[in-house]
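Take a look at the structures listed below.
Note that chain A is present in both complexes that follow, paired respectively with chain B and with chain C.
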Partner chain A sequence: MTNKNGLTRVDGRLKVTGAIKYAAEYKFPGLVYGVVVSSTIAKGEITGIDSKAAEKSPGVIAVISHLNAPKIPGYDRKPNDFDPNIKTFNDSKIYFYGQPVALVIADSFERAKHAATLVKVSYQKQQQQTSLTANLQNSYKPWGDGSDYLRGEANAYRNASVKIEAEYHTPIHVHNAMEPFAMTAVWDGDKITVYTKAQAIKSMQQDIMNMFKLPIENVQVYSKVIGGAFGSGSPLWPYAKAALIGAKVINKPLKVVIDREQMFTMVGYRSPAVQKIGMGASADGKLVGITHEATGETSTYQQFGEGITDTTKFLYDCPNVNTQYRLTRLDLSTPTYTRGPGETTGVFALECAVDELAHALNMDPLEFRKKNYADHDPEENKPWSSKYLDECYSLGAEHFGWDRRKQKPASVIENGWLVGYGVGSGAYGAGRANCSARAKLSADGILLIQSSTSDMGPGTATVMVKIASDIIDIPVENIRFELGSSALPAAPGEYGSITTSSVGSAVFDTCTELKEKFKQIAGGTDNPDYLKILKEHNLPFVEVTHHTSGRAPDADKYSAHAYVTHFVEAHVHPATGMVKIKKVVSAVDGGKILNPITARSQIIGGVVWGIGMSLTEEGVLDHRYGKYVNANLGDYHVATHADVPQIEVVFVDKKDPVTNPMGSKGIGEVAIVGFAAAVANAVFNATGIRVRDLPITPDKLI
Partner chain B sequence: MKQFQYIRPATQQNVLDAITKSGTKIIAGGTNLVDLMKRGVTAPDKLVDINHLPLKGITPTKSGLHIGALALNSVVSENALVLQKHPLLSLALKAGASPQLRNMATVGGNMMQRTRCTYFYDTTMPCNKREPGTGCGAMEGYNRMHAIFGASQQCIAVHPSDMCVGLAALDAVVIIAGKKGERRIPFVDFHRLPEDHPETDNHLAKDELIVGVEIPDNNFAKNSYYLKVRDRQSYAFALVSVAAALDISGGLIKQARLAMGGVAHKPWRLYDAEKSLVGKAPTEENFKVAAQIAMQGAKAYEYNAFKLKLAPASISEALKHAAGVV
Partner chain C sequence: MEDDKSLLKPQQGLHPEDNSRRNFLKQSTLLTAVALTPVAAVKAAESHMDEKIAEAFEKLPLKMEVNGVAKSLQVEPRATLLDILREQLDLTGTKKGCDHGQCGACTVHVDGHRVNSCLTLGIMVNGKKITTIEGLAKGDDLHPMQEAFLKHDGFQCGYCTPGQIMSAVACIREGHANSEMEIREYMSGNICRCGAYPNIVNAIQEVKEGGIAV
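Take a look at the complex of A and B:
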């Protein structure tokens, strides 16, 4: 349905009526159920697995572990970047608490679940290290010299007339998608079909091919719909490997769904970080230097690094910038991409530091940002493809009523609550990758477009239908976009805010080519009447497949980013330390906004997680065991409805001339970037208390 | 989850007969019990469903208000008599859990809910409450949510209920049915401190059934408040909560009731603080003095020291709201 805000979700009705099928909802004759048994130590060796009681339990078909699993041909391969690198059921080594150690397969989920509690695993335990702050001294350079960056003079901030130095801490964040991870695996000889949550369908297909050394035609991956992923849905996780092995061993269709607690240890998380920032400016507020040092964590068996300090290199016009990035290896599972990976963490510290320096200068923090506006990319020394961050500042300020902000903290009280305004900006690369699409217009008037992308929530199919309809002038109701299958033309994974730009460009090119083909058939006309042409030429359909390069023309000459500026009004109770976010305005430069209604939802989603990040979310470990103590949705506090106020989203909505033919810039990641800083800055403005350690819970404000 | 039997005896007497056997558990709303069963914390042989018993009524008595044990938390919180006579109870109920849970949870079940201590729920961890003699995981562990009053070497868990804090402040009485008939005990004596037996939460015998609570009429309706300080605005247990009720007449406090949640193994009545307020004017200064008195004997652990500051601040704040001096 189209309204003034664009096209509503083409699969919306199916979703709200429950008609759509998620990965765990596929049924097959003879389907059996697997439950993963997880380790109860964080480091050491399995010394024995007693599965007798489980095997005797009613309905149990098999208990699979490293003791009886077949040799997996691909385990001798060097894993690629996406491979979580744990060779499930290969050996006895334990790398983290909650690692899959066995799979119990039974004829019902309940029976498998119960039998899993009967498997007794014995261990030789070693002392684990799971605290980042306690192990900072063991950090290393993940990318060699590339871990450091210098422009101008190092630590120049120290000589500035006004300067601040501060240390910021961010905790573990768990994606906690509503839909639990699931894989249904169906082997047919040496052919495998899987139904799962996959942001990156083609790379998952490749991972399975690698694992079993199979040709591409033997591996089919379906991920038709995703109930949230936020970056966690790309790798072939250890639980999924367990499902593939289990199904192979028993030679029956097998479904494995992990539980909420396992979602904390088996499918990645956002690395915590310790960041130090030094920032200095001249007395009139011109930046002199920024030093940004960040340390995150990774596992002992795999390196995962992220660009925590990246935005610091280009967001402001500053002659002297030096950054360093370090990792510490801990006895935990490997972190993974988590909405705004790197930027979300780094920009929290950067934008708090900017606020701290503006305060030290007694300047309005927005004025300070304007004064240090980068009109070209100072890191790459290139022009921007487009940059309307200044319009985000002014549009957002106007909609928010920023002019009512008091510069002096703790100077506004309403009904016994301290009131503060805060601002935080962010950027995220406007990237693009190679993508193919197929378009087929049939005599029944239906335009079918296909590509192997996925939809983890933003409304991929919806925006593709919109893009197609802008080129091929037929009603949106007659356009279908099919995604979620590895058999479709190759698309990149849905991550890094590249989908609309990459798949959209392919759809744009494919539809343009299709239109051209119709024009040729008709012998040249500007506005082909498609159905008439098919009829006149007695054609059942016309189809084209087009491959679109991920390199936009002249892209190398420019630096391309999407931008956001979040404005937050926070109320803080002076006696109890409770914080309520009363108002949010997020102003976004996402290039041309192709479908405002779904674009707005993406920003709202980012802000809602930003509220969780700033006020409530924290994965807490008991380091004595290396185990989470809040691995459930009761104790790990994602924002509830009551925590979320009205969120106003304002788009600059101006075309980027470089990124892609539609002029858009991806906004999924940038939506959350800078938000937590806006909250922390608002809390400071309200109270005069600077919380540098997320989340900002009541105990930190009393 | 272990396989179990499920029965629904026709009458209250049949229920009382059924629960005499060991291994049986009563199920009402099931909002806590089912979780405990899924996590393997408890594994009953038999569930005795009582949802159909006629214990849902909310009715005035000669000197108070009777609330049936099976009245839903959501229903009680919206009941006209409750709102009129005991708005504090309504506030406390609405501060608890989420609307979905309140629609399932009953008054009796709310009283019987068990601590949310993470070490209690995790069967791989030590916990004297779950498995006596295994030690207390929280004592040296992540004890941010834990007790500052009345804890023992065995257990530092807190009772999670908001409703119970309100009922403790309102001098409610618990009506319990057993084989020998009914008995009534003060609500404040229903739950117990952990001492050497943290596995026992309360004084309800295994063969007894809560049939209702009764709140005596009082003069607190005009000046009462429930303050809950928590990590998010809904669906989070209290860091600290305070039920405050004042009977103010002629500018002086005639009677005061104060109880706290999130600080002890049971709803924690602040008797000395209450006494200190009697005869005083309802001023912030007097509230602060009462709050300091309330904190005598408080003891914190590694992660919950903030409660030593948050608790008195919350007492004072709740009293200000109750007195209408905010």
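Take a look at the complex of A and C:
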């Protein structure tokens, strides 16, 4: 259905009727159930597994662990970024609390779950380290010299006439997608078919091929719909390896779904970080220098790093910038990409520091940003492909009513609540990758487009149908976009805000080529009548497959980013310290907005994540045991209805001439970047209290 | 116990995992067979008759009406309504998000009231009428709330959506949809990690203001 806001979701009807099938919802004759047993220590060795009671429990088919698992051919391979190097059931070593140690398989879920409680694992325990702040002294350079950056003079801020120095702390954030991770694995001899949630279908296929040393034709991955992932859905996680091994051993279709507690330890999270920023400006508000030092954590068995300091290098026009990035190894599972990975954490600190310096200068923080506007990329010394951040500032300010802001903190009280306004900006790379697509227009009038991309929520198929309909002039109802299978033409993973740009470019090119083919068949016409041409030439269909390079023409000459500026009105109760977000305006430069209705939802979603990040979300570990004490949705507080006001989204909506033929820039990641800073800055404006460690809970304000 | 199918060994002291009721049932079964003939006992043991009979005794009858259709099942008392719907009746529209009553993805209507089906044992709804997301539309005609969710883009990934919609319908029926604030308060048991909350609230308000009985 098309309306003034664009095309409503092409798979929407399937979602509102409950008909669409997620990974755990496929039935097979003889399907059995697997429940993962997790480790109850954070570091050490398994000394024994007593599975006798579990094996005798009714309906139990097998209990699999390192003691009886078959040798996995691919376990001799070196790991890569998407293959967390826990060789599930390979040996007795424990790297983190909640690591899979056994898989109990039974003929019903209830029986498997009960039997899993009967498995007794004994351990030789070692002392774990799980606190980032207590282990900062053990940090190292993850990327060698590439961990540091210098432009101009190091620590030049110290010589500026006005300067601030501050330390910011962000905790563990857990993706907590609503759909628990699941894998249904069906072996047929040495062929494997899996149904799972995979943001990157082709790389998951590759990971399974690597694990079992199988040729590509033996591995089929389906991920037709994803119940949220937010960055957690790319690797072949240890639980999924357990499912693959389990199904192989018993030679039956096997479904393994992890539970909510296991969602905290088995499928990644956002690394906590400690960041120090020094920032200085001349008395009239021109930046002199920025120093940004960040330390995150990774596991003892795998390195995962992220670009926490990246945005600091280019967001403002500043002659002297030095950054450093460090990691500390802890006895936790490996963190992974989490919405706006790197930028979300780093820009919280950067945009709070900007606010602190503006306050020290007694300048309006938006004016301070405008004064230090970067009109070209100061890091790469290149022009921007497009940059309308200045319009985000002005449009957002106008829609929000920024001119009503009082510069002096704690000067507005309404109905007994302190009222503050805050602003925070962000940027995220507008990248693109190689992608192929196939388009087939048949005599029944249906245009089928296929690519092995996925949809974890933004509405991939919907925007692709929109892009196709702009080229092939047939009703949108007759355009189908098929995704979610490794057998389709290769697409990159759905991450890094590259999907619309990458897959969209391939769909654009494929449909353009299809149109050209019709023109050729018809002997040249600008607006081919597709069905008439098929009929006249007695063709059942015309089909083209096109590979589109991820390198846009001239892309190397430009620096390409999407931008956002968030405006927040926060109310703080002076007696209880409770913070309520009363109003949000988010102004976005995402290039040309291809489908406003779904684009707006992506921005709203990022803001809601930002509300959780700023006020409530924190993975809390008991360092004595290295375990989470809030590994459930009752204690780990993601934002819910009552926390979220109406959110106004304003798009600049101007085409980027470089990124892709549609002129769009990805917006899923940038949507959250800078939001937590806007809240912290609004809370400061409301109260005069600067909270530098997230989340901003009431105890920090009273 | 080394071999609880053996008739030769006396019953050992039970520890909790041994599941005494089930062992009692199994032994009784085989003892009955022995009373007939030793051959029957051997046969019964070989075909795991004891297991099957114990299993049957462990299940309880459950009669309920699901989306207008009478269902007659045998379920284990520990099976939740959620797992019965998803795994036994193949009604997978009702979602498992947390299994702890903390997220609302499993919301269904029991006799018209919204409940978390993950916190409801199947046997608790014996004789009751259950409506799931699959039972909300009338044939091809979507329920007004489903239409409103589509129109307002009240979801992204869609996983919490069945629960949100079932909860939203109940929210209006309960009379708790009289203002934006009230809707937010009474919908707060349903988490949407994609963050479609403002769109969901708009959808509910539209349906409420449309005045159609839900």
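One rule holds in what follows: the second predicted complex is superposed on the first by the 702 of 702 C-alpha atoms of A that agree within 3 Å, B and C clash if a C-alpha of one lies under 4 Å from a C-alpha of the other, contacts with A are read in each partner's own complex, and residues count from 1 in each chain.
One rule holds in what follows: contacts are C-beta pairs under 8 Å (C-beta built on N, C-alpha and C of every residue); 3 or more make two chains touch, one makes a residue touch a chain.
Just so you know, these numbers come straight off a predicted model, no measurement behind them.
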Exercise. What is the contact status of A:P319 with respect to chain B (first) and chain C (second): first, second, both, or neither?
Worked result: neither
For this session: Name the contact category of A:P596: first (chain B only), second (chain C only), both, or neither.
Result: neither
For this session: Between chain B and chain C, point out the one touching more chain A residues.
Result: C
Problem set entry | chain B versus chain C as contact partner of A:G74, first or second or both or neither | neither
For this session: Return first, second, both or neither, reflecting whether A:P409 touches chain B, chain C, both chains, or no partner chain.
Result: neither
Problem set entry | First (chain B), second (chain C), both or neither touched by A:E110 | both
For this session: Classify the contacts of A:A639 with the two partner chains as first (chain B alone), second (chain C alone), both, or neither.
Result: both
For this session: For A:G307, select first, second, both or neither according to whether it touches chain B, chain C, the two together, or no partner.
Result: neither
For this session: Check the residue A:P142 against both partner chains and state whether it touches chain B (first), chain C (second), both, or neither.
Result: neither
Problem set entry | Contact residues of chain A, present in both the chain B and the chain C interface | 110, 114, 634, 639-642
Seminar exercise, completed: Within their complex, chain B touches chain A through residues 1-3, 40, 98, 116, 118-119, 122, 124-125, 137, 140-142, 144, 227, 229-236, 239, 306, 309-310, 313-314, 316-317, 326
Problem set entry | chain C residues within the chain A interface of the complex | 4, 17, 19, 22, 51, 54-55, 76, 78-79, 83, 86-87, 90-100, 102-103, 105, 132-134, 136-137, 142, 146, 149-151, 153, 155-162, 165, 180, 183-185, 187-201
Exercise. Residues of chain A touching chain C in their complex?
Worked result: 1, 3, 8-9, 11-22, 24-25, 27, 53, 56-58, 108-110, 114, 118, 175-180, 225-228, 230, 257, 259-260, 456-459, 597-598, 600-602, 604-609, 632-634, 638-642, 644-647
Problem set entry | Residue numbers on chain A that touch chain B, as the complex places them | 40, 110, 113-114, 117, 415-416, 573, 575-578, 580, 615-616, 620, 622, 624-625, 627, 629-630, 634-635, 637, 639-643, 695, 697-699, 702
